[in-house]
Amino acid sequence: MPQFANIAVSILFDGLAYAMFLFIVSVGLSVTMGLMGFVNLAHGAFAMAGGYVVVSLTRNLGLGLIPSLIISAIVVGAVSVFFERGLYRRLYKATDLEQVMMTIGLAFMAIATATYFYGPIPKSVPLPQWLQGDVNLGFRTFPSYRAFLIAVGAVLIAVLWYGFERTNIGAKIRAAVDNRRMAESVGINVDLLFTLTFAVGSGLAALGGGLAIQLLGLSPSFAVIYLVLFLIVVAVGGLGSLKGTLLAALVLGIFDTAGKYLFADAGGFFIYAVTVAVLLVKPAGFYGREQ
Amino acid sequence: MAANSDAIGPHRAAARERAAQYLLRRHRFTWAEALPWVIALACFFLFPGRMVFGNQLLIWLMFAVSLDLILGYAGIVTLGHAAFFGIGAYAVGLGAAKLGWTEPISGLFAAALLAALVGFISGWFLLRYRGLTLLMLTLATAIMLQEALNLRSDFSGGYDGLPGLTFKPLLGLFDYDLYGHVNYIYVLIVLAIVFNLVRRIVYSPFGQALTGIRENVRRMHAIGSPVHRRLVTVYTIAAGIAGVAGALFTQTNAYVTLSVFDFDNSAKVMIMLILGGTGRLYGAFIGTVVYMVLEDYFSKLSPTFWQFGIGLLLVVAVLFAPRGVLGLIEDAGRFLSRRKP
Amino acid sequence: MKLLRWLGLAALAAAVGTAAQAQTVKIGVVLPFSGANADLGHQIDKAFDLYVKLHEKDIAPYKVDLIKRDEGPPTGAVAKTVTTELITNDKVSLVTGFVFSPSAIALAPVVTQAKTPMIIANAGTAWITNLSPYIVRLSFSMWHPAYPMGAYAHDKIGCKTVAMAYTDFPPGKDSTEAFKTGFEKAGGKIVDSIPMGSPVQVPDFTPFFQKIKDEHPDCMYVFIPSGAHAVGVMKAYGELGMRKAGIKLIGPMDLVPDNKLQDMGDAAIGTIVMGHYARDLDNPQNKAFVAEWHKAYGADSYPDFMSAAGWDTMHAIFDTIKKLKGNLSDGMKVVDAMKGWSTNGPRGHVMIDPATRDIVEDEHAMEIYREKNGKLGEKVLGTTKAVKDECKVLKLGRCGT
Amino acid sequence: MTAALQVESLNRSFGALRVARDIDLALERGARRALIGPNGAGKTTLINLITGVLAPSSGRVLLDGADITTTSQAERARRGLARTFQINQLFRGLTVLENLCMTIGERDGNCNNLWRPAGAKRAVIDEALGHLDALRLTDDALKLVRELPYGRQRLVEIAIALTQKPRVLLLDEPAAGVPSSESHLILDVVARLDPDIAILIIEHDMDVVMRFAKEITVLVQGAVLTQGTPAEIMADEQVRAVYLGQEGHKVRHG
């Protein structure tokens, strides 16, 4: 097929895969920030933790990748509840600055801890045979793992969408994000909701971290080096908006890929240029509430 | 308390005078304020071997003070402050490397002006936004600046930086020594001047207006304050000061790389400030000292795991001194003064 | 201000004095122990410790005292502070380590002024050694592997066209520049040269490689810092099925550091790199080195080219201590003692070029293959003997000054 | 003579919802007008439109005959248009005295000064203390606003507005949220205000309205239902039907 079409397909496909990773990790951050206005800079640390759990499960216990990913998401999600109850809870009413300071502190501690247990050398996980190499979709071939990543993303989106738009809890969360006081006054237990979303968000982050090993490798500093990326997705998407986070992930993922592909020299530029462009026009992000 | 307000004349006259005196005196120097400078000088004689570190510390301190002006007083939360530090750093760096402008003090002014100019322009556009949006916009601007300079690495030296910069001796008299003694005094003096400037601004009516914007921007509009103009003004000033800090960084290191624009620096300076306490002038002092001294100590204790110590410090600080070390002291003070008859 | 001068001199005098009498030689070790590149630091640090442990007795009655400091991020600032204080405050006789070029560049004026030798165990920007007469490098310059790779790729591997992809920081630019110089001299054609983002973040390499795949060159020359990036490159290369598409992956050894090789999987097989070290390099010194390494750090910890350089670095320092009878007070004497120093180390025969104070070493073209034991190994295809830093030989740019 | 404040056929809608429909309103110099109407009638919205927090979809706002429809909030304030908020908008982290000094500073343009210490102008401080005296707040001068009981915070809210030396003052439920034990204090203050100031007050307590207002404007669903003297309004059947009924309804909610 013609070159330009081929290029376009490559960009869309790779961008889509990248976008899925961004979405999976960022969505939890977006909802928790939207719900409680809680700035959680330790979110990346949960992703990193998830990654290492997967490493342990696959390498030391010899589990398959898929079960490991699921277990890791659940484990990290569960553990995150303790942090939420023990530490985060104390800072709901606190200022952003205090939240920033504590969560950055947690991220630092997470990095040191991971270094202690896993060492600084980047880890990777063995892939099952069917995820190696590439799949042929007739008109051209695509890397299997990325196809898999996209599939996982699609499934998650479906599940989240259902949970968010169709279930009672989802409705409550949306209500709380929209107007917390109101929600509380009609008897919604926002704190409980937050614990829930926090756990789910952290679990998703962990899943994202696990999936990212194949993409970006995994070392302790994973906890912070991609944080900016996640925050950008959240800001561009709009706090607490599932739709927004998805759209932002897609736009940023695809633009970033296109930029790297077409204008490698200015590669780093694009994602930020897009961010600025969007925020200047829509300060609250794609689907955020204007203040 | 409220009941007392119905008290008789003389009492109220006294109350009036007390209140008036408080505002009349507040901006005057107290002896306590000499303490940091005394300590700084004492350190110079006590730790002659640590002056290179001390020098870095003072530069970060100045950087933190500039951030306090906008974050602590005007309530502008930014993650792009390193941009101005970097501009100042590169102003003198490129000046020395390309134009042979090696006179340090004039270099400081040049750096301040350039950084302030960029601060003015970016502030004009960005300060209409607040919160996370502003956070991301400032952050993105800083990184784009860095990327742009890296594109022209033939000119900026990229991440290998501009090596072997040499600057004229200070005032043509004092040459930079290996032990950083001259540097330390140099930076300390500049810091003293800059800090006094900031202190004046903070206690000026303009400074009051800034705190007003921080406390309640809606009301500021309602009482007729040109909020945007105020914010852009202070942002420009803070940018200039950050630029001076950056310039000192390059001059005292005789070296600069693009990493000065790193997001990490913006974050680090913010953390140090919060740790010390925002909007309290001396919060920057305490925060910087506590953070950097402990960082130095931990990283010698364990070059690999020191981050754990710093992390723990931050978490503990939030839980026990949420409004920073100075905030803690202040609260204690209020608590005690309550006890007084 | 006179007082300052006086203080300075006094302290300096003290420094010299103490160093002179000391039976113990204080050595400042500056490596990135924390942060995104911590693993690089640890690869070298382990080699240092291992050498000291095994050879302490050789330098009796003298002892070494390693004072370790975190090099911090690749900004030069932290490194400059801690190193200067190692000199001024801890009074070390020499400083070594230095993974990042900016650290070395920032420190050049300092070591010159302090007359303290700086023995570089990694930092690879070619012209660093020109910055100060007190700098000695035992690792390599980007040119050491990259330049000979140019000719080898064209003549032996059969790359007529090559697309280059590199991490967008100075070593990346150096490495590609060096390869280009050698490759074009041999008559090859560079079809594309793609910067792949900053060294801080591991990017998603796929877009870059996809582009190259669509360009169909014979070979793809990749330089990345040999940390987390290396694994990412191999994965993306494998995922895109580029080898099947007939695009060979070549580069400097940074592409397949031994401590990550086993994680790279089949994708790596067939990759050809130019380098001065591989874990299964066949010489007795290396066999012993690797054996000792596994004994000390376990079976699944591997030394890599950085460790090898670290080992030789400490070796050179020890020999110098012996030669100077433990008196390293005079920095210039130390440097002179190292000029022309040579040994048979893990890397084979290495020598410090008296003229440039830079290393002279053999460069091996090595192919990744699957060993019988299932592990990935590196097979030597050919060797270029006694390679100098070509950048300085050709006096290109800053290398000329 | 031209009205101190004139509102001409003001419209504003949020999407389909029209919160202000062709509102006409005039405040003569020294006017004492009450703005009443059921919840959601758009009373606060009208104040926001007048002060420039919201921009009207159509219509004009005139201050002393000058069109200020497009001028900024701040500019309107500097021209003598002051307001209080239904929910306190105070500088909670500052002392009461600072709250007022800052207001004076912005009013007189001192706040453009970055160099002279704020405390250097005794005159400013004395004026501020004067205002505090008038509201019996002197003893709280050095307290942080957030440490005051709500009732007294409410007084600060008014003190700030008065400190602006306004010609037109818009009071949005000055006694809202204040226990009746203290509300009289606030309403006394309101009653004692300078007769030259044109005042528009939003108030639910009809007794207060009757005592204070010389004219009343009734707002229903964003439109002016009727205007007139207290007596006329009390007599008006529509008002009873729409507003007072609604009020009773409101009372049951507590």
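Labels A, B, C and D are assigned to the chains in the order they are written; within every chain, residues are numbered from 1.
One rule holds for everything that comes next: a contact is a pair of C-beta atoms (placed from the backbone, for glycine too) under 8 Å apart; a residue touches a chain by one contact, two chains touch by 3 or more.
Owing to the predicted nature of the structure, the values given are computational and were not obtained by experimental measurement.
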{"item": "Geometric centre: closest chain by C-alpha means", "value": "B"}
{"item": "Chain centre separation in whole Å, for chain D relative to chain A (CA means)", "value": "47"}
{"item": "Averaged-CA centre spacing for the pair chain C and chain A, given as whole angstrom", "value": "36"}
{"item": "Chain C and chain D: spacing of chain centres that average the CA atoms, whole Å", "value": "73"}
{"item": "Chain B-chain D separation of Cα centroids, rounded to whole Å", "value": "40"}
{"item": "For chain A, residues contacting two or more additional chains", "value": "111-112, 115, 120, 265, 268"}
{"item": "Shared interface positions of chain C, touching two or more other chains", "value": "34, 38, 42, 168, 198, 200"}
{"item": "All pairs of touching chains, each written as two labels joined by a dash", "value": "A-B, A-C, B-C, B-D"}
{"item": "Parts of chain B lying in touch with chain D, wherever the complex brings them together", "value": "1-2, 4-7, 12, 15-16, 18-20, 22-27, 200-201, 203-209, 211-212, 214-216, 218-227, 230, 233"}
{"item": "Complex contact set, residues of chain B against chain A", "value": "71, 77, 125, 129-133, 135-137, 139-141, 143-144, 147-148, 150-151, 263, 267, 270-271, 274-275, 278, 304-308, 310-315, 317-319, 322-323"}
{"item": "In the complex with chain B, residue positions of chain A that touch it", "value": "33, 39, 87, 90-91, 94, 96-98, 100-102, 104-113, 115-116, 120, 228, 231-232, 234-236, 239, 265-266, 268-269, 272-273, 275-276, 279-280, 283-285, 291"}
{"item": "Complex interface listing, chain A residues touching chain C", "value": "3, 6-7, 10-11, 14, 17-18, 111-112, 115, 119-124, 126-127, 132-134, 141, 143-146, 214-221, 225-226, 257-258, 260-261, 264-265, 267-268"}
{"item": "Chain D residues within the chain B interface of the complex", "value": "51, 53, 72-78, 82-83, 85, 89-95, 97-98, 101-103, 105-107, 110-120, 122, 125-126, 129, 132-133, 136-143, 149, 151-152, 160, 164"}
